[in-house]
Structure formats: C-alpha cells, structure tokens
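Here the chain labels run A, B, C and D in written order, and each chain numbers its own residues starting at 1.
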Amino acid sequence: MMVTMEQLQAFLDEQFPQGAAFGTLCELGDGTAEMMLDVDETHLRPGGTVSGPVMMGLADVTLYAALLSKIGLVPLAVTTNLNINFLRKPVAHQAIWARATMLKVGKTMAVGEVFIYSRGVEEPVAHSTMTYSIPPQR
Amino acid sequence: MMVTMEQLQAFLDEQFPQGAAFGTLCELGDGTAEMMLDVDETHLRPGGTVSGPVMMGLADVTLYAALLSKIGLVPLAVTTNLNINFLRKPVAHQAIWARATMLKVGKTMAVGEVFIYSRGVEEPVAHSTMTYSIPPQR
Amino acid sequence: MMVTMEQLQAFLDEQFPQGAAFGTLCELGDGTAEMMLDVDETHLRPGGTVSGPVMMGLADVTLYAALLSKIGLVPLAVTTNLNINFLRKPVAHQAIWARATMLKVGKTMAVGEVFIYSRGVEEPVAHSTMTYSIPPQR
Amino acid sequence: MMVTMEQLQAFLDEQFPQGAAFGTLCELGDGTAEMMLDVDETHLRPGGTVSGPVMMGLADVTLYAALLSKIGLVPLAVTTNLNINFLRKPVAHQAIWARATMLKVGKTMAVGEVFIYSRGVEEPVAHSTMTYSIPPQR
C-alpha cells in the first residue's frame, strides 16, 4: 500500500473542500476502501429516499480512495465511466456506506466496483462499477 | 404531451426542495427535455472541473422531466440504472445544460439518453443512459 | 433453491438449441451459478483473443441460470441491460468460465453480477452486471 | 476520413474471418458507420427473438468501423466497456442493422453510441454505448 489512511484522508479533504459532505474514510486496504456518509435533509428526496446523486458521489470518492491506495496520491485520475444499479430503497435518516474494490489497476486505466449499504438494510442498496483514466506521468 | 412546462417546473420544485441546485427547465417536448444548471463553487473539483455527481444529478432530473412529459406527473418513477461516460472537461465557471430524449416508454419501464454540454465547449462533455421503473398504478 | 442442476441444464439445452456453444453448467447455488465454455477457433479474434460477444454470451446465460435458481424455470425472463468491463486479455485456446451472483431478485426485475475467468489468468478477464425483466405471471 | 468503405470492408473480413456472420458494411462516414446483419436460425432464441449476444456483436463491430473511419486501420483498438439497453423485441426472421456514431475520439480512448434496428419495427430495438482503448503508437 502506497499511502496511509491519514495521508489519504488529508488528501481527500484538500481535493474535496466541501469536506464531510463527501463522506469519511473508515477503512483502507490494498486496493480496497470503505467510506461512510451521514445522511441529512439535503441528501433526501420526497418519500425520504437518499437521492441517487448522493449515492453516486459516495461511490465515486470511495473507489477513488481504493485506487489511490494502489497508485499513491495522484491528483489527476479522473472517472471516465460510471454504471450504477439501484437495488433497494435506503432507510431515510440512516447513514450509508460504501465498500470499494479495485478489479484492475493498469498503467493508464483502472476499473473497480462499489457496494453501497444503508444502516438497517441487510443487503446492498446499490452497486456500481467505474473506470478511471490515470494520467501518463506519475 | 401530458403536462405543460409550468406544471412540470412546479412539480420539480416540490419534488426537489433544494430547488435551483438541480437546474432550471428550459424546454419540454413530447419525450424530450432540456435543463440548465448555473455552476458555482460548490459544484467544482480542484482543477476547476464540474464534479461528476453534479453532472449525473442534472442528467437524472432532465431525463425525469422528459419521462414525465410522456406519462404525466407520476411521483414514484425511480431510476434503476444509470450509465455515464465523461467525454471532455467542462469549462469551470460556465453553465452546463442537458438534453434528454426518451428511447422507450413502456408500462413498467422507461429508457432514455442525455447529452450534457458546457458553455464554451462545442461537443458534449458527457453522455448518459438511464432506466426508470414506473409504478404499476397510475 | 427451486430447481436442480439437472433440471436447469435440460431447460437451457431446450432454450439454447445451439447447445454447448453457450457453455456447460458446473455449479448451481441459491442465486449463484458457474458455467464453463471450451474456446475454439470460432470464438477467437485475430491476435488470439476470445471475442467480446463470446464473453457477453457466457455472462448472459450464466446469470440467467443464477436467476432461475431463485425463480424456477420461467422461460420469459429477458435481459434489459448489460454492462461489461473487459479487464485483461484471455488466453487464446484455454477455456473461460463465469461465476454469477444475483444482487437482487424482485417481483418484476432482477440484477446480478458476473466475473469471467480464463484458464491461466489468475484475476478476472471481465466483469459484467445485468438486469433482467421478469414476466408478471409465474 | 482516413479510409474508404472498400478498404474497411477488406480489413474487417481479415480481422473477422467468420465473415458475414458479423454483418455487412452499408455506409461509412466521418466517425459514423452502418452495418446490416441477415438473421438466420443460429441467431435466434426460443420465441423467435434475435439473441442479445448477436446484437452486441453487431453493435461492437459497427462502432469499431466508425472508429476506424477516424483513426485509420489500427488493428489493436479493443473494447474496454460496453453498455446496452434492450428496448423492444426484434422481428424474428428479419435483418437487423446498426448505426454507430463516435462521441469522442481521443488519443488513447474513444467513446461512441449505436442504435440497433429490426426490419419491421420503426423504433430502435437496442441502444449501446462503448469505450475503446487505442494503442499508443499509430
């Protein structure tokens, strides 16, 4: 692993100045990461569902963390493709969290998957796969 | 068309109380819609790029508008799948807008595509396809 | 589990009269399935790669098997969305196999994921997620 | 345009020795292509539907043709991601055709979309987006 949890958290805080709005890093492995997001009113849709873009944002940043655990603190990796399936309704005022795993980390491209969970729902509420483009020099 | 632009804008304002944060309806056709979003600091990533979740959120609400133009003001249609390709870097402090077109509106399922543009970039900055699940009674 | 491996193999043979061209069932669990495909010349691209459509076909039938393990022998479930990431080059003349897991089986819709492996490559060569539409009466 | 229709057809025949099984080039533009496939018994599923993998294969080769119209006869461009939505049931014994359009052709990556039609069905039967990885030297 090329980076500690503290280094990565500091890097994300810098990259995402909106901060906690993007979630908190709970775990970091070699190509894996887990982040949690406290859901508040701004994240909800009528009917009390956590909005899709909030889940997509959490999936995106969590897989980014998993990728950085493999390649180090490269600021210019960008998402090029995201696919997400919404599986179940999250519980309205409960935290959601995401578990990300890299499936491939190549020289110019990386692919990974993310499961999103909602406190109070046993099975995943969403599943996403993403592709990142990695800048040539690093 | 089952709904006017004014009715739909009022419905979206109610559904999305965060309001303008989700964009403004510019055009509504029979299975098509166009929405614009004024980009501010909260939408940006370091390097000045409009963040992915902001584009996904705009794509989602614009296709929702296009769907409602076909089925009327059904509040319970939910996104079940979203796929997005990020094609080009949007210009940092310029508005983005989305043009959505339904590809299929069935009884229980609808599919459509969305192109996202950034003012100052001629070609699309992102392209998304989405599936909506439509509740049985309406 | 609503169906045995023998019943499912017989059902697939009937549904896919091209037969072994679609692979052989190796394992069947409660919402999981594994199938293998012997790769021959007709499956290859120049350079000796197993072609994409061959992998997509194997992914599709394997997830179909996993779905039927949950809902029984419903002939009319159809794929509505497929997303696949090609991760590594399969070995040219080696068998490929697929491991499918359902992520959600609802009343009208089911979602699952499939990992594809190539004999001689340790990590997956492809990863796919799919949505099936399930006919209302069953 | 870097290649004529005759050059591209000859190149595809060489790349895909299974030949007509992958379809015939009907039109080639600057970043666009159209191919047709005569459907026979081997392409069908019970109930008379053209199988998903057949449509995915046609989508793949048609977008490959559209890409080559932009970058020339580069044999090593490979599909890295494919997403497809199946929209309507194709007519069983009628030809299907595909219209492909590049959305972006970058140095190392290209993205495009494909609509698939079935003779006798006015609206598209499937829609696909794909990403290609382009080898560095060319």
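Miscellaneous remarks
The rule is short, and it goes like this: a residue touches a chain if its C-beta (ideal position, glycine included) is under 8 Å from a C-beta of that chain, and two chains touch if they have at least 3 such contacts.
Because the structure is predicted, anything quoted here is derived from the model rather than measured.
Ranking B-C and B-D by contacting C-beta pairs places B-D first.
Taking the CA centroid of subunit B as reference, the farthest chain centroid is that of C. Centre-to-centre, using mean CA coordinates, subunit B is 28 Å away from subunit D. Distance from the subunit A centre to the subunit B centre is 22 Å, each centre being the mean of its Cα atoms.
Averaged Cα coordinates give subunit B a centre that lies 33 Å from the centre of subunit C. For subunit B, residues touching at least two other chains, in rising order: 80-81, 83, 85, 131. By the touch criterion stated above, subunit D contacts subunit A in their complex at residues 80-81, 83, 108-109, 131, 133.
Every residue of subunit D that touches subunit C in the complex is listed here, in rising order: 14-18, 42, 45-47, 49, 51-54, 56-57, 60, 75-76, 78-86. Residue ranges of subunit C in contact with subunit A, taken from their complex: 83, 85, 87-88, 103-104, 111, 113, 123-124, 127, 129, 131.
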